[in-house]
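Next, two complexes with chain A in common: one pairs it with chain B, the other with chain C.
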Partner chain A sequence: MPSIESTFFDLGTMDAISRQDTFVHRMDPRIKVLTTLVFIVCVVSFGKHEISALVPFLVYPVFLVVFGDLPVAYLLRKVTVAAPFAVLIGIFNPLLDQQVLLQVGPVGISGGWISFFSILLRFMMTVGAALILIATTGYHAVCMALEKMGVPQIFVVQLLFLYRYLFVLVDEASRMVRARSLRSFQGKGLGIRVFGSMAGHLLLRTMDRAQRIHLAMLCRGFDGNIRPSHPLRVRGWEVMFLLGWSALFVFMRSYNGPRFLGNLIQGFIP
Partner chain B sequence: MSHHIVEVKDLRFTYPDGTPALQGVSFRIVHGESVAIVGANGAGKSTLLLHLNGYLAPKGGEIRIGDYPLTRKTLQTVRRTVGMVFQDPDDQLFMPTVYDDVAFGPLNLGLPTAEVESRVLNALSVVDTLHLKNRPPYKLSRGEKRSVAIASVLSMSPDILVMDEPTSDLDPKARRKLIELLKTFKHTKIIATHDLDMVLDLCERTIVIYNGRVTADGPTLKIFENQALLAESHLEKPLGMQGCPVCKGSR
Partner chain C sequence: MHMADALISPAVGGTLWAATAGLIGYSSRKVKQDMDDRRIPLMGVLGAFIFAAQMINFTIPGTGSSGHLGGGLILAILLGPAAAFLTLASVLTVQALFFADGGLLALGCNIFNLGFFPCFAAYPLFYKPIAGGRISQRRIVLGAILSAVLGLQLGALGVVFETFLSGISDLPFSTFLFLMQPIHLAVGIVEGLVTAAVVVFVWKARPEILEMTAASKPAGIPSFKKVLAGLLIAAAVTGGFISWFASTHPDGLEWSISRSTGKQEIDPPKKGLHRLLATLQEKTSFLPDYSFKISKNEETAGDAWPAVDSGTSLSGILGGALTLITLVLIGVLLKRRKKPHAQH
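Here is the complex of A and B:
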């Protein structure tokens, strides 16, 4: 199953990127989580026909990509993986809302198309921001930040383990798939019945492993809490980072810069 | 020092589905001893190990670790005393980086950060894997995983080390390195294994288990020379004690 395996290696790439050493990477994870949260809330809170006011928000992802030294092509590829969901959500808008809102020369653009593009743009920006957060912070540090900020421990532990054992699970599943494909000929033995028993088998194995892992944790004094090995510390300038960006987001949310600029230019055209 | 003693008296255990696993196992292991537990597949080795840290509760008999009988109340103390290294290191290395994993035990003991750090670095350097400390466990080789798994137990400074098949899946060089490493440990060691050549190198005493019972307990060399006993327990003389296949010489 090459698709699963390549996804697996891609996760490794994400991990490697998140271990770089730039000032963005060194920042306290909580600061980055909060800034990203403000960013996302501001972006999604716009009206459904808004496009122009969203554009200035691109400054934040661009800033992080530049100073965090992130590979743009890789991130864009990852964003497009989730794109079908956004497309599905917005695809019927052009049919449902056919009222022409914008006239470009002879072509009238309906409100449906505008809201569709608005959805796509917002999707790109929010998913991109979340990916950038992971790429500059690392999955583990994001989880630790969530825990520090009061997310119940049980969810955080689930997230941590999901990530750690994803690799083991993918490994195990791809070994099973390989073993099956080596012994199935002319498409025989690839049907749903075999698949069902394989999935069941994988589940049983997973439960066995979960039990062994739990045992290993108990042996080392696990009491329901995962403690961070390095205490987190927020420095003064990082608070400024959070406040500065948040203020900018709120400002961009309240004032439509591009429209203002457009009006300004139109004012000069006689 | 009496707290390194492991004493098992008439231990009995039956799995919930009715499979009898242990039918009266008794032995006493004293401080600093290095003991191998050998036996066929399904003889009860793993079940026995799971009792030593209180994961399974005996259906009969008694276990004493050091000064304490193993009960619900002493479980925490016992688990700190007995360091258990699992057969599959992927089960044991569950944290995102090697450092975090080795720090997991000491942090749960409530040690201060500085102490945790020195313990982690010390444990990693003992098993010669200090350079791996920021790597995620899934990127390590089998041998490296095994070493880190041992470090994750050493960082809690246990008195007794319990290992399940420590040399399985290792290439010959990694296996040799592990054996040399284990030789340097002063802990009481209990090793369940099929690798009888390692037992020959590492353990002065061997306990043979067959069908949930101890069939022999004594000096390793003496047990491995007893052909009848080995055959009865589904074992074989270690390769190191068999004749050379090229020159046909026999010992």
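Here is the complex of A and C:
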């Protein structure tokens, strides 16, 4: 299964991107998490037929891509490859809502198509924002930010543990899959019976691993508490970053700039 | 069946976020209380196992398609509800962050749909009574299939309700329901069989692992009243927040409510919920020009989107296109200018 394996290698790529050294990357992770949340809430709070007012919100991802020095093509590919449940459900809109809402010359565009494109735009922006958050912050820093923001410590530890062992177990599983596919001819041995014992073996090995990890932790003085805290410091300009962007988002949410611009242009063209 | 940000409204997303946050808090306390510290690395590694196991596909006989393990139920069987919920929540968080599965606002919905139902509903209701005490192969298979089906049916129902209440998709409630439930019946049966296959294997190889969870204290279900109260408070808070937006712009939620209360094909219970949201909005809005009756009038005036007027829509397209082009151009130019710097 080359495809899924390569998505997991992507995990490493994201990790590498997040270790760059730009001022966006150096910012306190809490600031970026909060700004991203405000961004997403503002974007999804629009009515279903809104397209033009959504466009200015692209300024935030563009800003981060430019100043965080992120690879655009890579991020775009990641957004489009992700199995879009939204698109699957959204495609029904043009079929169901055929009322013409917009007349451009002789062509009438139905409300369904408008809301479908609105869904696509939202999808790109919200999913893109999440990916950009990781690409500029890194998984560990996001987890630290969550802990500082009051997420239960045990859950944060769980998030960190999961990520740490993800790579190891994925390697192990992909070796097993490769071994099975080398031995199965004409689809034999790909059924549920073999799967059960393969996944079962993997599970047993995983649990043994957990036991070894626990022993290793005990050797290093583990007493039931994990202290993931690293000192985080918010600087003054970073607060301004959060407040400034939030104000801009609320402003763009309240005023439809593109429509105003369009009116202006139409005013000039008689 | 991951929900996506693009399909939900902030009210729905916020409510489910609040519910999920409450459940995570509850589960964290529970895990801390009645667990030995051996389980901490176990939970972490099992979360990674779910990812790894999803890489192993199997063919489903007679269909030509292939499936893989979902994960909620097997975690509940191995860890018990509270720890399983935390583990599954962490799996879904990583999926949302790295694989663009859903999104951050929809994460609350996803954790609730895929975590709460299998861990706190299906497992204690079906699996534990059937295969929790006296373990046999038949009991494991029966319990796993029943609870996987129940968990996925409830999860799919959750997706339908969340999508419908958000009002972004045009799919009518009943159509969507009849689309989702049968598909997830099939998915549930397969999931149950797969889970049973793995659990039976583990039980034969290392029976003490299953006896360990069976012997541990039942984690219990959070009392229904508490959950309900939490949901109501969350709905009130987010409803207030939304009405602030909705009061200056008649759109989104308000519009979907006015549309759905105007049609007859909706069952009474949802009508009640909508009414509740509507009155909440009415109560919590603080801008004077806001009135829910306005949207009622608009609805009688025509089914169309309230703010439609082809003149302003055209200017929307024009302006939108211009803004888009400008933003992309600025981005490209800045990126170009940065390139030589990067090479130094």
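Just so we're on the same page, the second predicted complex is superposed on the first by the 255 of 270 C-alpha atoms of A that agree within 3 Å, B and C clash if a C-alpha of one lies under 4 Å from a C-alpha of the other, contacts with A are read in each partner's own complex, and residues count from 1 in each chain.
As a working rule, a residue touches a chain if its C-beta (ideal position, glycine included) is under 8 Å from a C-beta of that chain, and two chains touch if they have at least 3 such contacts.
Worth saying up front: this structure is predicted, and the values here are computed from it rather than measured.
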item	value
Touching partner for A:V194 - first (chain B), second (chain C), both, neither	second
Touched partner set for A:L203, first chain B, second chain C, both or neither	second
Touching partner for A:Y163 - first (chain B), second (chain C), both, neither	both
Contacts of A:N93 with chain B and chain C, given as first, second, both or neither	second
Which of chain B and chain C A:A179 touches, first, second, both or neither	neither
Which superposed partner A:F222 touches (first chain B, second chain C, both, neither)	both
Chain touching more of chain A, residue-wise (chain B, chain C)	C
Partner chain in contact with A:R19 - chain B first, chain C second, else both or neither	first
Partner chain(s) touched by A:H140 [first = chain B, second = chain C, both, neither]	first
Partner chain in contact with A:L243 - chain B first, chain C second, else both or neither	neither
Set of chain A residues, in rising order, touched by both chain B and chain C	139, 160-161, 163-165, 168, 209, 213, 217, 222-223, 226
Residues of chain B that touch chain A when the two form their complex	50, 53, 55, 76, 79-80, 82-84, 86, 88, 90-92, 94-97, 99-100, 103-105, 107-109, 113, 116, 120, 134, 136-139, 152-153, 156
Contact set on chain A toward chain B in their complex	12, 15, 19, 138-140, 160-161, 163-165, 167-168, 209, 212-213, 215-223, 225-227, 229-231
Interface residues, chain C side, partner chain A - complex	1-10, 13-14, 24-25, 28-29, 31-32, 37-38, 40-49, 51-53, 55-61, 66, 69, 78, 86-87, 89-91, 93-94, 96-105, 163, 167-172, 193-194, 197-198, 200-202, 205-206, 209, 242, 245, 248-249, 251-252, 255-256, 303-305, 308, 310-324, 327-328, 330-331, 334-335, 338, 342
